[in-house]
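Look for chain A in each of the two complexes below; its partner is chain B in the first and chain C in the second.
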Partner chain A sequence: MASRARPLSLAAPALAVLLLALVLAPLLAVGLRGAGMSLGPADWAAVRFSVTQALLSAAFSTVLAIPVARALARRRFPGRTALITLMGAPFLLPAVVAVLGLLAVFGRSGVLNQALIQLGLPPISIYGLHGVVLAHVFLNLPLATRMILQGWLAIPAERTRLAQSLGFGPRETFRHLEAPMLREVLPGVALVILIVCLTSFAVVITLGGGPRATTIELAIYQAVRFEFDLGRAAGLAGVQLLICALAALIAWRFARPAGFGAGLDRDLALPAPGGWRTWGDGTALVAVTPFLTLPLLSVLLRGLPGLTDLPASVLPAAGRSIIVALVSSGLTTVAALTLALASARRPKPLIEAAATLPLATSGLVLGTGLFLMIQPLAPPMTLALPVTVLVNVALSLPYLYRILLPETRALQADYGRLADSLSLSGWARLRWLILPRLARPLGFGAGVAAALSMGDLGVIALFAGERQATLPLVVAQLTGAYRMEAAAAAALILVTLSFALFWACDAGGRRAAA
Partner chain B sequence: MLQLDRLILMQGSFRLTADWSASPGQRIAVIGPSGGGKSTLLSAIAGFIAPTSGRILWNGQEIAAVRPGERPVTILFQDQNLFPHLTVTQNLGLGLRPDLRLTPKDLERIEDALGRVGLAGLGARRPAQLSGGQASRAALARALLRARPILLLDEPFAALGPAQRREMLSLVSEVAEATGALVLMVTHDPEDARALQGATVFVADGVAHPPVETEALLAAPPPALLDYLGRK
Partner chain C sequence: MQKQFLAAGLLSIATPALAETPILQVLTYDSFTSEWGPGPAVEKAFEATCACDLQFIPAGDGAALLARIQLEGTASDADVVLGLDTSLTAAATATQLFAPHEKNPALNLPVDFADPNFLPFDWGWFAFVYDKTKVTDAPKSFEALAASDLKIVIQDPRSSTPGLGLLLWVKAASGDRAGEVWQALADNIVTVTPGWSEAYGLFLEGEADMVLSYTTSPAYHLLAESDDTKSAALFDEGHYMQIEVAGKLAATDQSELADQFLDFMLSDAFQSAIPQTNWMYPAVTPAAGLPQGFDAFRPAKSLLMSSDEAKAVRDAALAEWQAALAR
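Up next is the complex of A and B:
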């Protein structure tokens, strides 16, 4: 009956309103504090640089991910599973640590420049626009690959088989199966990366900087941290919001449903064309593997010797980080699933807004706003960890929502009417339809949320004192104190924990789906 | 009794009207050109499309506000009648208890229903391990368990061979007999309509005509039906 309460349908709008409040209230707080916002030429240069580097980073990451994802989708080779898992690694890698790894390979005394000098060639510099883009591609190419790979695997086996029976060659397969899937998946992928790069902070503070390579984020940080000019910070945050909203609108405009029906759970490999395409797929995989592994390897090599001599602050910080990550991941997954289920039948503007708006802000903007709101009520330090959880949930929710939405839509299209006709509703629907069918993306999403939260450095830097420090903050502090070996060791622990959390969630989901 | 009271269904520019009734136990084939609105009619009775105007009544009660699962209806779709991640037993169990808290007695009834449709002992299988005919049988077994007074069939056997389809039709008759259900079955084959041994609703040009005894209708078809059948 229409009168019977459906908990999920009531929870979603309430949750959406809560999320909107969580994002908008801090912006309002920042805006109110800083009256008379006016942006100077330096600020506009920051806006230009932000957009340029983000567009380049998103374009390179997305385009380069397509051949890699396709190779992983249609080839079976030893180590394939390991490589797919590895694809999660750079995204799990806290950005500061990733930058450390890239410096070890591409930096002034890095492996690459040493080789160039040996060959009598001039060394390259990693600082500036190309360095920022390189780091962003390193961090986001694997995420793009995994998102596109999920799209490939979501093409039902029936469709592939039909294509094979019709004698489709690689060209026809691309046109009728792969291109429609890519059209649906790519705008979402590019948008996520674009906005990650627009709001990226740790990369830019290390590899950027100066009048020619300062992003909006960095400018906000400098305005808050060094000048305590909250008006200027608010103005920059407003521009940031506009740019990100525009990016979201563009991607929404171009994303269209591929219109695949359901496939029964038969295991059928995608057709793997031979000839030069074998070499093409091989080249994509061979090229991407060292690019992703060498920086990680160098973090490992640098960190291992320091493990025996860890500062006392590392272990308690690791404990705090794990708790923050687990709580954030749980809350984010539940929230994202609730929202994605609510807009599975048709897009709902309120929910879309709530799940997209956090992308248009940043940890620093939210953190500053929350700081201003909390300050009159309590010492912000006492609320450092709850606030970190809250901001982590808000900031990782859009990713999880994007991951889950196509899945809940497909679920609704394929089984919604059958489930309705059987009165499968409420908890029974969750237990017997949604959780089993969505176990794989839910596990992946929970892993992403846990890793993002584990490696997050932003809010915590504004709030935490000695006793609230999370592991990324300890790494940053050790790096700042030039205790490089200890920093690398702490970074290694951070990476291991992030990776373990992600792996546990992702593997759990895959096992539940099998 | 199922009453379609000056029912108008609209989807975009598509419009379908129906104004007739059918009694329990009746077997009605729904035939007509594709895109004519056969599935739309069934979707409205099952509760997936709200009427633009008019009423759908069951035993004098309007059912417009009743959610699909609570209507006196079991519907079999063209495909996707079983959840691929659940076993056949669980798929049937959903017809008894959507929360799947099945008692030993429920399991007994499920096994019994499986036996009646010729699937004895296959309860532990997943749908992917069934043939198309077996999947249809499983869906019919669930209809048997649900025992709703209206059974809607939206071409669920379209993918089966003639012999299998005839078997399914006689199974439908058995299920209908056992549950006393009113059957509405979409088909594009007049032979299926004949095999159902009841009445036929002809759907064309935006109208679902009242049911007429099938043999009589096919013996003296109106012009539109004549066009559809392709006979001179």
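Up next is the complex of A and C:
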């Protein structure tokens, strides 16, 4: 029995080692080019601020996502599906676009302050730590909601029915069904958001209001661009990785499998308790909808006028971006599934590390390191798109892994022994068990990966040659040349394409699962 | 055997093309090479005279160019670097990667400028740009700006060249009092952005009354958008300049062609493309003169530190800036 070889048993560790090498080798390459890694007091202040804002952002995003996800899980109302789909949108906005969208609502001349002035109330300022957290919640709460909602939907209908027949009220349901599910899902969600906020750059500076809001990523940027102090850059990136590793360790210690067991996939609506809870769920949905849709609406309105006046380079750039996104998404899905299946039986530290650390890498250090490594071998320009794909895979894999892991764990616990006893292994197991059972999270995850790869500016700026620009790069170039209207239009195209890719994958997964 | 034939065949296709047209590679910032930047016009005009293939390698912004050159060292494929500014040239010279140009062209700059390694191709004055219809009483000095309740948005000197330019502007204008000026300005600053485009975008969205940009910014709105509402505030203490330069890399394998390009850079064909694509003043005024709007805001006094001076004061000025704004 023990010698039963699965193709995945070797693939996963190899993949994990590759991923770790992709993250650590560039860091090493940058560090070796620098002289010493001494960090000054300003650097440590940046570390402190980064951690503070990331902790606050992750806490607010995760905690606020719980009531929203619960309301979406147990209520049925017109527009519910649209709202769930829309939850994919903020996350895939390029940072600068998201900031402008938020400012249209919360800015000095945004609708909120206009309304306050009309009412004779003092205006509020979005600039400062609270603004940074607000923007991060806007960007990450929807993703958290989707991930937690997956958890709610994964509670087997049989458990819910058992709870009903035992006469569980909402309180008991929470204690015996919802709390264990949250205990399994939340640490991973909080971890991903914490790390993504830790490395956030443009949002933090722009809304931070001044040098108090200095992050590790800005310090790295300054070290590479203005001081060419690669040792310091590598040191800062190393600190960022250590913080991330520590956070991952804590999250990993805290998470517990819920252990609901298998169900028969009966479609049963969750009990929707009445009374004040109806009002509670309604409030959560009514509060979150304008918070998410108004900034998106402003992105749409800002982009429309410029659509007729777009430069010709937008079209080929969009084509390149779509190809990069599709290839990245496909590779990421395969890689993340391989890793998530391998650690389904029990958590494996190597795989956990490989599937988490890429999130914490500094884009600039990763790009610079890859550049240093590739340059002696080939002109970096010739490899611009393959390198972009590779980096996209590494950077979006952690999201996908977190989305898939609870599901592969449940799959292994519920069906592992049955499949083993039927000698269902290899491709047959994939074809008949894994893919059908995981279609929904796979579709959602592939969509997230595609959208992320579409919007990622990351390393392309360092590698792209003439006529190799992707859509995000064209947007950046347009804004750098006064052409804000065209830039807003190009950004709208970028967001629409990302959203379309996300929607196609997500809906495809849901259809396959139904 | 078949593989050898294939290889021979491919080589016979590739070699003549390589042998006939020399390639000149110019490393520059993104917006120079974009289809609405000077790149396309410059490429066409130069290729018409040089019997060569001019290729631009885009590499982010001005500061990214220097980082890129330092990363690549002598292994760089680039022959010319175009787009550094005078706050970066001291660091660029220190890399010893650049070759002296040995030229002494006549230039139309408001200050004397000579650098053994770098030749200027355009320049501008930093200025606070505002909307005339919203700000009626524009300040005439940093002091007046600080005393007003106007809101401004500026760029971070740690990540952007205009941000660094403002840092040097305040230092050049106020000397030892620079820290006080920043403290007085602190309550006017809405926010600090990572780069020029974010700041300018916020200004256009109405987030601030004024933005740090260039005296030529209103000309863009006037000429490209027929919008004459934008204006630049002229300060009595003078305006700091940004001079953008190009230099030949010492390790180039196209030394003559690179020299030829640097000569071409100061010719009418190149210079006349600059004003309405890069929205800066050309280093040599074209025969046809400057476009409308370029004479609208001419400061009485130009400020510029030598590149060595800029390098020497930068760290202290940055510390002053951080201390003043972190309160």
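List of remarks:
In this section, the second predicted complex is superposed on the first by the 500 of 514 C-alpha atoms of A that agree within 3 Å, B and C clash if a C-alpha of one lies under 4 Å from a C-alpha of the other, contacts with A are read in each partner's own complex, and residues count from 1 in each chain.
As a working rule, a contact is a pair of C-beta atoms (placed from the backbone, for glycine too) under 8 Å apart; a residue touches a chain by one contact, two chains touch by 3 or more.
Predicted model, so just to flag it, every value in this text is computed and none were measured.
In the superposed pair of complexes, A:L93 makes contact with neither chain B nor chain C. Between chain B and chain C, C touches the greater number of residues of chain A.
By the touch criterion defined above, A:L207 reaches chain C but does not reach chain B. By the document's definition of touching, neither partner reaches A:V51: not chain B, not chain C.
In the superposition on chain A, A:R437 makes contact with chain B only, while chain C stays out of contact range.
In the superposed model, A:L424 lies in contact with chain B only, and not with chain C. In the superposition on chain A, A:Y415 contacts chain B only, with no contact to chain C. In the superposed model, A:L404 makes contact with neither chain B nor chain C.
Listed in rising order, the residues of chain B touching chain A in the complex are 46-48, 65-70, 73-75, 77, 80-81, 83-86, 90, 94-95, 98-100, 126-128.
Of all the residues in chain A, the ones that touch chain C in their complex are 33, 42, 96, 99-100, 103-104, 107-109, 127, 201-202, 205-212, 214, 218, 221-222, 224-226, 228, 311-313, 368, 371-372, 375-376, 379, 381, 461-462, 464-466, 469, 473-474, 476-484, 487. Only residues 1-2, 4, 262, 264-266, 414-415, 417-418, 420-425, 427-429, 431-433, 436-437 of chain A touch chain B when the two sit together in their complex. By the touch criterion given at the top, residues 30-31, 33-37, 55-61, 63-64, 66-68, 70-72, 75, 77, 91, 151, 156, 158-159, 164, 186, 189-198, 200-202, 204-208, 217, 220-221, 224, 279, 321-322, 325-326 of chain C touch chain A in their complex.
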